[in-house]
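Structures follow.
Next come two complexes, and both contain chain A; in the first it sits with chain B, in the second with chain C.
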Partner chain A sequence: MAAQRATNNAAQGKICQFKLVLLGESAVGKSSLVLRFVKGQFHEYQESTIGAAFLTQTVCLQDTTVKFEIWDTAGQERYHSLAPMYYRGAQAAIVVYDITNQDTFARAKTWVRELQRQASPNIVIALAGNKADLANKRMVDHEEAAAYSEENGLLFMETSAKTAMHVNEIFLAIAEKLPKNEGGTNRPRPEVDITQSNPPGGSKGCCSSH
Partner chain B sequence: MEEPLPEEFDIILIGTGLTESVLSGAFSRIGKSVLHIDQNKFYGGNWASFNIKDFDEFIASGGIVEINRKEFDPVALVTEDETFIPVSSQRQLIKEGSLICNLRKNKVTTASPKDVEQNQVPSPKPTSDNDDTTGSQEDQSLPTKIPDNSAPKPNAETIETNESLPIAEVTEDDNKSCGENVGDNDAETKTEEPPFPVAMKDEVKQTYKFPSFDEFYDQWRRFNVDLAPKVMFSRGKLVELLIQSNVSRYLEFRNVSRTLTLLSGQDYLQPVPCSRADVFSSKFVTVIEKRILMRVLTLCANYEAHPEEYEEFEDRLFLEFLCSKRLSEKAQQFILHSIAMVKETSTTIEGLKATKKFLQSLGRYGNSAFLWPMYGVGELPQAFSRLSAVFGGTFCLRRNAVGLVLNTESGKCTAIIDSQGQKIKCKHLIVDESNVPDSYRCEFASSVSRAVYVTDKSVLASDKEHVSLITLPPDGSRGSVRVIEAGPQCCVCPSKYHLVHALLSSAPNNDNQVCNPREKFKEVEQILFAGHADAEVPQGGDAESTDDAKPHILWSSYFDMMEDGVTRDALPSNLYVARGPGMELGFDKTMGEARELFERICPDDEFLPRAPDPEEIVFDDEGYNTESNGARVEESPEDGAGADYVDDAEDLREVEDGDDAPGQVDHVTRIDQSQNVFIDFAKFKNLNEFYKSCQDDGFDC
Partner chain C sequence: MAGTSKTSNGRTTGATIGTLSKIDAYGFKRGEDFDYKSYENFESEYLAVLARRMKRWNEKVLDNGQAKSVKHRRMVKRFCRKGIPERHRPMVWMDVSGARKKMQKEPEKYQKLLSSDPDTLEDRLVQDAINTDLDRTFPDNIHFQVATAENQKKQLNNILIAYGRHRPEIGYCQGMNYITALLLIVVKDEEKCFWLLSVLIDTILPQYYSKMMTALRAELNVLTEIVGTKYPNIQRVMDSEGIPWMLVASKWFICLYIDILPIETVLRIWDCLFYEGSKVLFRVALFLIKDKETVIKECNGMPDIIESFKNLKTDDRALECHQFIHDCFIETNPLPKAEIKKLRTKHVALVEEEDRKLAAKREAR
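This part shows the complex of A and B:
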């Protein structure tokens, strides 16, 4: 594999893997955004997040492939009980609000503050005003959110998981903004993957087939 | 204010310690409705890991939580055929807590503009100025008061990158700095700053500059200080459960790469040769010792197959058994204290079992028997809680039960009344020790004495960073002390620091009672560190002394963690009390308890079956690229226009490794595969075969 890797390296760019977390009030469409991005699907009556809170998706840039490891809140945000493990080592976050609900925008700002306080200092944060297809019920001004994002150094887009508007774009924008050197992080790496034990017999034999 | 909780659940758990979290995940996983609450604002209860600020706060409060409780009369919520049993929330789980920071406040922080003016130039070296210059201790740089955003960034980076800081050599006399206890008396002292006066001498050699108080606390977020530091046996129940349930994907691990010990009569630490590779490369054992040590370890790894080797010792001490194998005293100590980790009074069978357990774990992941969870043990309950949430569990922190509701007739617990005045029904209730109604309590059974140190370097210098497990065998009146040291690679402290945990079991009926945990660790500090605040400095020129190389204590904390005082027999049949972390080195007891409780409640269901891997999708990069230049991929994967579905990670890897894969593969670090493994022994039918293999390897047996 080592040889193969070398050839590939010579020919093309590298793959960087990033942890991306989603934040925002319940029912603003966090999971829907991910499902749209990862699976291209949308379900009008999506149940509260169950079962699939850990998805991956790869985005190709000019010279780099960015692999997102996407964490959904699994509903732990409902009673303000997200575990710090959730933000741990996250290199990117999408904070989602619902453009038809002013409260969710206020909560989004709280999440941004929380991230600035708790997450890695160089985290890339994007603000997503979701449900943009419901523009006739709009309660949050585009300009207001844009100005807030500008002030706080956030990427900002209004999105619609339903129509797919700006869904890929927002992930792509994040991918482009993430630092790509050495996996994009100075975070210490895990030493052990516990699902991969030393092959019995240990030192002998080449077991690097994966 | 907050959304009310649903009114009925199959299972309610109170407390987010490891046992409760594992159970929470297990019940949600099989489709039970689960409510999981915790009075704290953090996950983990007595298993939690804290950053330094939260840790200070925790110690100062004694672990007592002020719950934001609504005013209401719980008894009014109870019907005629029900009884209300109150739960007291003012349970003090930490006793004798204290904090000492040995660092001076001599560096500007961003916290206060006033400070900046006063202290424009950071003092380039520790001066002999005494503590009064640092008198403004109540200002904003107090750890619990650091304004949230202003603190860390710029400073933290300066510290991280500034590799060329001069290194100070501090003379032994410097240890005579004094610290005071905070939180020793009661929670009121909480607002006082941990004192840190250090009387640095003028003649300090200018090779190292200790970080200042502010530099230290500026990095508060980078610490993860465990209340219950433990290591995971690589083949222990926890590791198996993490793999089996797929919860491991939320966690990251490092090897506990070193086992150190202190041999009697010596005052420096040395590595314990555990694996075959260690034994053969050890400088501390002679060739003959190596051979005997290998023979005994090999025997222990597969002792059941050789009853003739230990039968006559079955009812005798393990130590006697070891003696009979002509092991040198040193080798006996290695095995007894650092490999088997049993008492001198343990029987041969106990010792053999423990040794085998260690050797079985050895080598599964590198040259080590243990793993350490990155970010600390507190990650474990969070990971299982997440599993529970992913499968529908409801989580609510900062809420507890003010009492339980028992059905008068059945005696069963039918509901809890939470701190918001809500009555929530349940079929089963699982609580941690701090949430047991007073009527089921008895005196605390025992406690674990703890010390935590932040130091400037490792207890034993090495060219790479280690996680070290250190056992200090009992000596005189001092019991056996367990020490775990981890560094920045484990994300438990910022770079340039090391975090050291020390644990000592405090049996309740210990005659020579030293009550204060700080006192108990004095001797340990002399062994491990270059003195302490008020530790006596050993007299001069012991030839063996390696004090110069020993780490300095920059910050320390001491406390006792109280243990189990529940009369379990008296509990209602559907109320279960999960035990705390205790003194166990690993997690087998805890995992055993979790499984047992699960099986009592759901005897016919599987305990934590594998959680399915979500589908992994790899976009075909060409397709995606062409589309994404216009920054849009509109079509759904079903159209086949740009996505490959890949069923599992295995296939994903193949795709990535394949010819059309775009280069370097995943960054998941694989385990080091070039290790010698002790577990090898299991595959040798007899010792001769083993020796032959050693000879093949070039070792002379």
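This part shows the complex of A and C:
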């Protein structure tokens, strides 16, 4: 593993690590998206997240390896007061709503607004309309969300943690859009030599973008 | 619940070693990384401890060994720290926490709360939030599995709804579902669980679950200050890495160590919690932090530190609950109650002040 990492490192040059936070109403599927992205799994009954969960995953782009440090937060309204701790210094955010629930879309918009005002100025924000597999229960138009994202300069995809649709894609799109030169502005250590860092337990290592 | 739990109970039949079930005595599925070998080693010793404790409880604390009530003597504190025998846990928790008194004082309250139908938007929102979480509470526990646990889920639902009506200003906060579910697993009596939950939230714990979670945020700042005093070297690293304890420890306090530590260890912590109050939550936090001192000092950035606190459920030291609690008290002494009270007051005020400033800033825009 270490050797492979070293080779990758040499072949691909740059390694960047980015802090990414997931925000959105409870039960929209934040944890499920992360679980799909990091472990390739889906649980019909996913435990509600308390506080926040931390996971890492690495993806490879053309010439860069991007390591995501992911904060999956709790969605209930009152946990909002803890959220700034988690998005502070984040270079990327995925704001998630559930396409079968209009209220969660409204909530997503307030998260976007809050991020635009309070988070790092260059934060890359993606909007994920999750549970796209439940198209017959759809309550939020694709066009409406796309137009809103366009206006606000957000990446936008409809996703399904259940079928895996667009899950890797949305993380990859974020990785593409993140500035690789500085590797993020607020990090004390934007670039690390991955050969020296322990591969975290959950991660399948480099280039595990299925 | 008693009706459905036909699984082998590791505790009562546990004399046979080498036949550890994939499901523990409380109905939780053992994880893939569960170390059967070291658990067996631990359990063979712990069973002897439990037998001895049972004998001592019967002799010294219980009325003629009749598990009806605890004779309140000074030794009960020590006895709770050494672990309440599983069979007596429901009764002892009810007694030492004051829940039984509350229940006796208002014997009809629980049923009244349940049958009242406030028909307010607030009550409906609480019901919806609880409903969303019913299938997401211990989905891997046989007592709460979706297919088979209708009855337990109904009880869980009832208790949470009743609590929301009992304290509408709190309503329902995620995390309460796990606490209530574990109470149900141990106590197996809906109404008693309601009273234990109320006594926990209303008197034992600070107001963690309130709408702004002010006391919870303050609690983590209190923890920071205590770590700074007791283990300045650790706090220095955390400060220089820019990691607030909130990122590591918020769930510790919200869930009272459920899903953080092995289940037996959690119950041993709760034995102390119900008798002597919430200070034990700090003791455990400090002990866990101190135990990671080397890792923290040698760490390579934030992810390392966060990860190092993630696998405590299968950590050998945490698994050996008897030793764990013993060492925990020794390591964290002294920890004066008055000091904690002072720090809590101070940090609640600071958090409230911050919130006020933030709100004013928002309004100004």
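In this text, the second predicted complex is superposed on the first by the 164 of 210 C-alpha atoms of A that agree within 3 Å, B and C clash if a C-alpha of one lies under 4 Å from a C-alpha of the other, contacts with A are read in each partner's own complex, and residues count from 1 in each chain.
Keep this in mind: a contact is a pair of C-beta atoms (placed from the backbone, for glycine too) under 8 Å apart; a residue touches a chain by one contact, two chains touch by 3 or more.
Please read all numbers here as calculations on a predicted model, not as lab measurements.
S.K.: After superposing on the shared chain, does chain C or chain B touch more chain A residues?
M.R.: The larger set of chain A residues in touch belongs to B.
S.K.: Could you look at A:Q41 and tell me whether it touches chain B, chain C, both or neither (first, second, both, neither)?
M.R.: After superposing on A, A:Q41 lies in contact with chain B but is clear of chain C.
S.K.: In the overlay, answer first, second, both or neither for which of chain B and chain C A:Q116 touches.
M.R.: The first partner, chain B, only.
S.K.: What is the contact status of A:T56 with respect to chain B (first) and chain C (second): first, second, both, or neither?
M.R.: both
S.K.: Quick one: classify A:L172 as touching chain B (first), chain C (second), both or neither.
M.R.: A:L172 sits against chain B, while chain C stays out of touch.
S.K.: Tell me the contact category for A:A27 with respect to chain B and chain C: first, second, both or neither.
M.R.: It touches chain C, and chain B stays clear.
S.K.: On the A-aligned overlay, A:A164 touches which partner chain: chain B = first, chain C = second, or both, or neither?
M.R.: The first partner, chain B, only.
S.K.: Let me test your reading of the model: by the given contact rule, A:Y86 touches which partner, first (chain B), second (chain C), both or neither?
M.R.: both
S.K.: Which partner chains sit in contact with A:R78 here, chain B, chain C, both or neither? Use first/second/both/neither.
M.R.: The answer is both, since A:R78 touches chain B and chain C.
S.K.: Which partner does A:K14 reach: the first (chain B), the second (chain C), both, or neither?
M.R.: So A:K14 only meets chain B here.
S.K.: Which residues would you name on chain A as touching chain B in one complex and chain C in the other?
M.R.: Chain A residues touching both partners: 50-52, 54, 56, 74, 76, 78-79, 81, 85-86, 117, 188-189, 192, 196-198, 200-201.
S.K.: Could you list, by residue number, the parts of chain C that touch chain A in their complex?
M.R.: Within the complex, chain C touches chain A at residues 129, 132-133, 135-139, 146, 173-175, 177-178, 209-214, 216-217, 241-242, 244, 246-247, 250-251, 254-255, 259, 300-304, 306-307, 310-311, 355, 365.
S.K.: Which positions of chain B touch chain A when the two form their complex?
M.R.: Contacts found on chain B: 2-3, 5, 42-43, 148-149, 152-153, 156, 221, 234, 239, 242-243, 248-250, 252-255, 363-366, 371, 374-375, 379, 382-383, 385-386, 389-392, 394-399, 488-491, 612, 614-619, 621, 624-625, 628, 631-638, 643, 650, 653, 656-657, 661-677, 679-680, 683.
S.K.: Over in the complex, which chain A residues touch chain C? Could you list them?
M.R.: Where chain A meets chain C, its residues are 26-27, 43, 45-48, 50-52, 54, 56, 69, 71, 74, 76, 78-79, 81-82, 85-86, 89, 117, 188-189, 192, 196-198, 200-201.
S.K.: Using the touch definition up top, name the residues of chain A that touch chain B in the complex.
M.R.: Touching chain B: residues 1, 4-5, 8-9, 11-17, 38-41, 49-60, 65, 67, 73-76, 78-81, 83-86, 88, 113, 116-118, 121, 164, 168-169, 172, 183, 187-203, 207-208, 210 of chain A.
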